[in-house]
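Read from first to last, the chains carry the letters A, B, C, D and E; within each, the first residue is number 1.
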Amino acid sequence: MYDNKRLGFLFVLPFVLGVLLFKLTPFVMSFALSFTQYDLIDPPEFVGLRNYQELATADPLFVKSLGVTMWFAVLAVPLRVGFALLIAHVLNFKLKGINAFRAAFYIPSILGGSIATAVLWRFLFAKHGLVNIVLAQLGLEPIAWLADEHYSMWTIVLLFTWQFGSAMVIFLAALQNVPTSLYEAAEIDGASKTQQFWRITVPLITPVIFFNLIMQMVHAFQEFNGPYMITEGGPLHSTYVLALYIYDQSFRFFNLGYGAALSWVLFALVGGLALLSFWSSKYWVFYAGEKDKK
Amino acid sequence: APWVHAQGSRTLRFAWWGGAARHSATLAALRLFEQRHPGVRVKAEYMGFNGYLERLTTQIAGRAEPDLMQINWAWLAMFSKRGNGFADLNAQQSVLQLDQFGADDLAYGQVQGKLNALPLSFSARVMLWNESAFRRAGLALPRNWDELFAAGPAFRRALGDGAFPLDGELYDMMLLAQTWVQQRHGTPYVDPLNRRIAMNEAAALDWVRTYRRLVNEHVCTPLPLRASLGGAEKPTEQQPDWVKGRWAGNYTWDALIGLRASTLPPSEKLALGAFPTLPGALDSGLFGRPTLMYAVGRSSPQPELAARLMNFLLCDPEAAKILGRTRGLPSARSSLAVLQASGGLPPLELAAHDQIQAQRLAGRLRRPAPLFEHARFLKFMREVFETVAYGKTSDLDAARRLVNEGQALLQRL
Amino acid sequence: MAAVNLRGVEKTYPNGFKAVHGVDLDVRDGEFMVFVGPSGCAKSTLLRMVAGLESITGGELRIGGRAVNDLPPKERGIAMVFQNYALYPHMTVYDNLAFGLKLAKTPKAELDQRVRHAAQLLEMEHLLDRYPKQLSGGQAQRVAVGRAIVKKPDVFLFDEPLSNLDAKLRAAMRVRLTELHRSLREAGQPATTIYVTHDQTEAMTMGERICVLKAGVIQQVDTPTALYERPANAFVAGFIGSPEMNLVPAALQDGAVAVGGVRLPIPTERLGRALAVSGEVQFGLRPEHIGIQPEARPGTVAVTGTLRFCEHMGAEVFVYFDVGAQAFSARINADQIGDLLQAPRGSQHAFQFQMGQAHLFDARTGVALR
Amino acid sequence: MAAVNLRGVEKTYPNGFKAVHGVDLDVRDGEFMVFVGPSGCAKSTLLRMVAGLESITGGELRIGGRAVNDLPPKERGIAMVFQNYALYPHMTVYDNLAFGLKLAKTPKAELDQRVRHAAQLLEMEHLLDRYPKQLSGGQAQRVAVGRAIVKKPDVFLFDEPLSNLDAKLRAAMRVRLTELHRSLREAGQPATTIYVTHDQTEAMTMGERICVLKAGVIQQVDTPTALYERPANAFVAGFIGSPEMNLVPAALQDGAVAVGGVRLPIPTERLGRALAVSGEVQFGLRPEHIGIQPEARPGTVAVTGTLRFCEHMGAEVFVYFDVGAQAFSARINADQIGDLLQAPRGSQHAFQFQMGQAHLFDARTGVALR
Amino acid sequence: MNQVEATRTPWLRYLTLGAVALVMLYPLIWLVGASFKSNAEIFTSAGFVPSQLDFGAYAKGWKTSTEYTFATYFLNSFLITIPRIVVTVVSCVLVAYAFARFEFWGKKTLFAIMIGTMMLPLIVLRLPQYLVFREIGWLDGYLPLIVPSAFATDTFFVFLLVQFLRGIPRDMEEAAQIDGCNALQLLWHIVVPLLKPAIISVIVFQFIWTMNDFMGPLIYLASVEKYPVSLALKMSIGATEEVEWANVIAISVVALIPSVLVFFAAQKHFIEGASSSGVKG
């Protein structure tokens, strides 16, 4: 049945139509825009590769923000995915009241980019905020988190990490698909809980780990809320991520053409990384439901 | 055809942003307008400030903007570079009481000869002092630059390191410093009439130095400090130090006086300060522009009706009564008169208004360059001053950047 | 020292079903104990409780003298073959076998040697690189067995480890597992073994003792021969032996049973306790103790039966016939069967009942009378 | 009409392993065909190909005369019992059984009746509300069987459906499945059945014909008796029958084989084609054709063997002994065994070889000489 | 259920969990506390405990400064969220099923496109998308917010479901094929139950994300009576006027309730996978 090509295509048809109807035009338009100068008022003016040329050669802000974005992704993605996996693992224990904990851990993600998050995060990382109080308790020097270009990145990285709820929920769901009997077999084989986690759980949920890595990478490269709300890209552009720059260019400076060019560079970057990940997944992702291929 | 026009020609779309008071007052005024114009329905598209510009931008680009909209003065330069971004109100002179506005007021809404927008109110910079705090420091309110600069060390001595006579975010302090330069060199940073930087390198250097002096002499709260306290752009009234009276002043828009006062305990008394002026200054250096403006959409199918609504909101005495101060003290003379007659205006704000009007009437308030508050340009200026504030650049380098890069940037906007 | 002792062990599943009812059992150190019993009688449950995979809801379990009720599986020194194999789908066969050893930090060379040895024993060296989903049922089962035997545990738990193998391979495996057990004992590392099976041959040839279970209750624990020859009750009698023992209601009187209208005298040495009884009993006689050729064996009685049908099994033929209203089966050597194979359904024949092998059970309780 | 015809059917797995090598087989409409063969010989693969779960990489498959190579499973009119059960974990036993009928929009009352009937047949009425994970291995297997038999398919495919049942239950199931098959045929709805089993008894008693497979190649297809009596080659001879046939290399000359230094004359009627042959052959004799009591059967030859050991199996004893360097086994009735059981290892005894039952195979190809 | 049994030292677990949970809950607790505070109090203390307990802020916040109460906005939110969830689940499950199980022409390309559509920042697509919907004539309505989801354009969910499905063995599906399932029945009777945890998380995410979505409604909805909660929440936050933060915060707290409830209702299903089963041995 599964090699009925027509049926398979019928099932993806909604997606094909969706792409044609709602995605194709915007994509093509934005790609076309990236070769123009467009300020919303006057019709776009074709400028060829000028936008790309400019960002490659004459835009230190782009270079800076590209670096910031990559650094952010490098820090934030493993932290969020790792944390989510760890907590999901812990929350998968049978324990009284575990439901409440699950909800508690998800709350930050429900709050999303709300005012409360912004206000709170600024409170936490303010000079006299909770974080510094804790540091002081540990006998450490207080840190001007929001005002120090070397530390400001951490505030948004931690915010990103803190909102690990969705990844956690996905992991929780994935953990259910690991057959109990395998844990039993591993237990008999003498595996400790930790070993079971690393050698049974992790390999068997690699499809979902892979999913979370890819998605969080995509999200991290497009992260906007944190830097926008908490640090406003500063200080000294130390948290001026690409998404912020694209936003500024497109919707504050009205350089829609340039913004589109920036976006497509980001697209190429993320796409390249994703391609790399997909290629690597052959070697570490295990699909129980996949027929082997020739 | 877009939905906007499909709803019959007697529906007017009117967009504004604001807070609770503004919303309910405006809605009431609109009801009155509808009563007066049977068959006309005004569709109120209002919201908070957050996202307003994004939506408006999208709508304008999609030619689906409201018939009447509330805008910022600075947006004129972005949406209407050649005066074609909004409907030309000159065509609606018959329904607009332009005579209620001063020539200067009208000029703010003019782009290349086209009247794109009318001002609702005018706002400029004032010195707002916390009298009680100064009393605690044992100081008198500063009346001129020297006293202002002197207040810094005095405050530190009297109340400690964390106390400052003046607070303001980076932009506020840039403007304050510019005021000094303008009084001294007689020119603002950007030429109001031509696309060029008006300051020479020496003036720019003074600008940077004045800013640095404000910080170094403990007059104003340094940028890194503000940032470390929870964000460089956190408004003054949200600063615990302001609420507790440890930061004793604010250089800000007169329109914000009420907001700044709102978190202060009753024990703290605010006062309007004298505007510091260098002896022999040609120009007050005061920075002011319309707070809000109304514009009619360029693709509006009923510009006349929209203009009528605009006129009603700006000049109608009854509307003025209903709207009150929700959009500042009106620029339209008749409306202002109505408010003044009905009394109850807070004295501090009235005083500020008078202070500013006095400068305007004396011709000492120069209209700023339209591009000065362009987002891209603002970002550039902030960038330079941020590097100054964080000590990442020499004053001279900063001044050079301001002149050279600023010049280049202006050409491209 | 790894005797396994169960004292009043009980298991109630979360849904309220009581699967194990106070089981007392002592498996001696190094003993090969076989569990048999009908499907669903809690063999796996017991095994899993010994392994520590299922909580013990009552009673006490000791391994090597230590109470282990609350000890996690990995500290019990056991190896187990799961009924459903539970192979690690993401590991090759080699890695499945090596997993336990790797965890125990076995030196690489030794690990490799042990894995290959087990693979060889189980005739699956050519499968080492495969993944479980590329295996046939029997191959997967052998991997499951292999995973247990690469380890050197104190206790082996086998849950129907050979059920999916063909007769020939199964026979070979049977011998190899028995030899493995023997060699371990001879090497002074006796491994106590509990072995669940449905295969009579396995049970009879491998088990030093057999434990017969029924609905979570032990029926009898004894050596294979004893079980066969002296079943403790009708259930055991019927369960052990294939085809199963003929068990029919009968009236016992004066040392003879009346079955389907025929009176069958029972030799006195077989009567035992039943000597004094008279009334309803259950009379049991194994199919192999019914012949068709007249024999001069003492106590053999010729009974006329009505033929129902014959099943030809190669070396032997199962003959089904009725005596009165009672159904009987006989197991006859193929070379003795003669014309019976062609005889029509319903024809009458003489059957030789070896009454010296007869069993009598209490009609109500089923307990053996002897 | 649902004959199943395979023509040159082949299967190569994606990893390159060729599991089925050009199988030609005709299962007649309503026939009960049994597949046997060693573990991994592609029984399941063939079954899954007939079911349509595994793509056919070569040859043609017809069901009821229709080429079905590319037909999805549900259009083939089959029911199947999976070797690994594949029960629906999220449905109760009842729903597992009813699922197929629900899909076929069977009226509610009939559905219920059929489900309950199947449950009764399989002795699992008390389990209908359970979920699969609350079942024992044997219970789950019965559910799997039940899922197939509630349907009225044209073709039944059973993949070792009784492997996890105890002997008694298995015997009962065997009978019931056979009866089901028979009653369907009698009702004029014959269901072609392909039945994979490792159980000799099942194969011999249930199969109308048996197909013996080895490594994806058919060795012989014939009735049980024919297979037992006239195996086509040494493999079949060794595979059918338990314990397996004694197969030893021997030198054939002048109508007699020399085994372990002993000359065994073979009756001429057994020699057939081998009459003309002389040289190396394989000599086969089933354990049941070796006795210990002298018999006056024509062609029986007494051979002296060295005792290795005896296995007591209840009704019979397997005796293992050597003749020269060759190992033999004999299957002796327990009541004939006498003192042999106590005889020491290595002692010499006379064994009666019924040469009238001897088999000869080509030494190289293994093909039967007759 | 496939939860691991926690064996030892539960109190240690509780302690760690509790500590981490506190960090996680801090903002919520703070929010609730702040809903009873004055502006000055809100901006000066990071503590939770308000100086008085006055539910006035809730009443005032609920009434809003607009012509409508929050009842309208909540209703609007549900009018967007619920249909959107329904169409999302249906379309995404279908498409994911096709990607994970079927072979068809162009599968790889389509899959790449699917992943690709997530990689362009939404900001740059905003304007083109707006123009598309303007052309269709769907502005100032809920259709632009709902209809694209009906075409599986929320590729995050598609990808999520694909990855789950690829990890689930095909045995049950094979059995069901034999039982006579066609592809849709297979999907409904077998795949959906096995995917339940994943589908539930899709529902939860879509609910919460749609409830929180600000930009979408902002762009496409102009009429106040159509605003969802996310827009209405920021209604009274002008730039230059005094904001009664307690009201805003109070209503933010209320706005969280549906999401929290949905999460609570759903969460037992995250941990009730059906596929981990089989026969024990």
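Note that in this section a residue touches a chain if its C-beta (ideal position, glycine included) is under 8 Å from a C-beta of that chain, and two chains touch if they have at least 3 such contacts.
Since the model is a prediction, treat every value here as computed from it, not as a measurement.
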Of B-E and A-D, pair with higher C-beta contact tally: B-E
Farthest-lying chain, centroid of Cα atoms versus that of subunit D: B
Rounded Å distance between subunit B and subunit D, as computed from the means of their C-alpha atoms: 94
Euclidean distance of C-alpha centroids - subunit C vs subunit E, Å: 56
Subunit A and subunit C, separation of their C-alpha mean positions in angstrom: 58
Between subunit A and subunit E, centroid-to-centroid distance (C-alpha), Å: 16
For subunit D, residues that touch 2 or more chains besides their own: 13, 15, 72-74, 84, 135-137
Where subunit B touches two or more other chains at once, by residue number: 54, 61
Set of subunit E residues in contact with two or more other chains: 127, 131, 169, 177, 182, 214, 234, 275-281
For the subunit A and subunit D complex, residues of the former touching the latter: 1, 3-4, 291-294
Sites on subunit C touched by subunit D in the complex: 13, 15, 17, 36-40, 42-45, 83-84, 134-139, 142, 159-160, 163-171, 198-201, 204-205, 224-225, 228, 238-244, 286-289, 297, 311-316, 331, 333-335, 354
Touch list for subunit C against partner subunit A, complex: 51-53, 72-74, 78-80, 82, 84, 86-90, 99-100, 103-104, 133-134, 147, 151
Interface residues, subunit A side, partner subunit C - complex: 179, 181-182, 184-192, 195, 199-200, 203-204, 286, 288, 292
Complex contacts: residues of subunit E adjacent to subunit A: 1-6, 10, 13-14, 16-17, 20-21, 23-28, 30-31, 46, 91, 94-95, 97-107, 110, 113-125, 127-129, 131-132, 147-148, 150-153, 155-156, 158-160, 163-170, 177, 182-183, 186, 197-198, 200-201, 204-205, 208-209, 212, 214, 234, 248-249, 252, 256, 259-260, 263-264, 267-268, 270-273, 275-278, 280-281
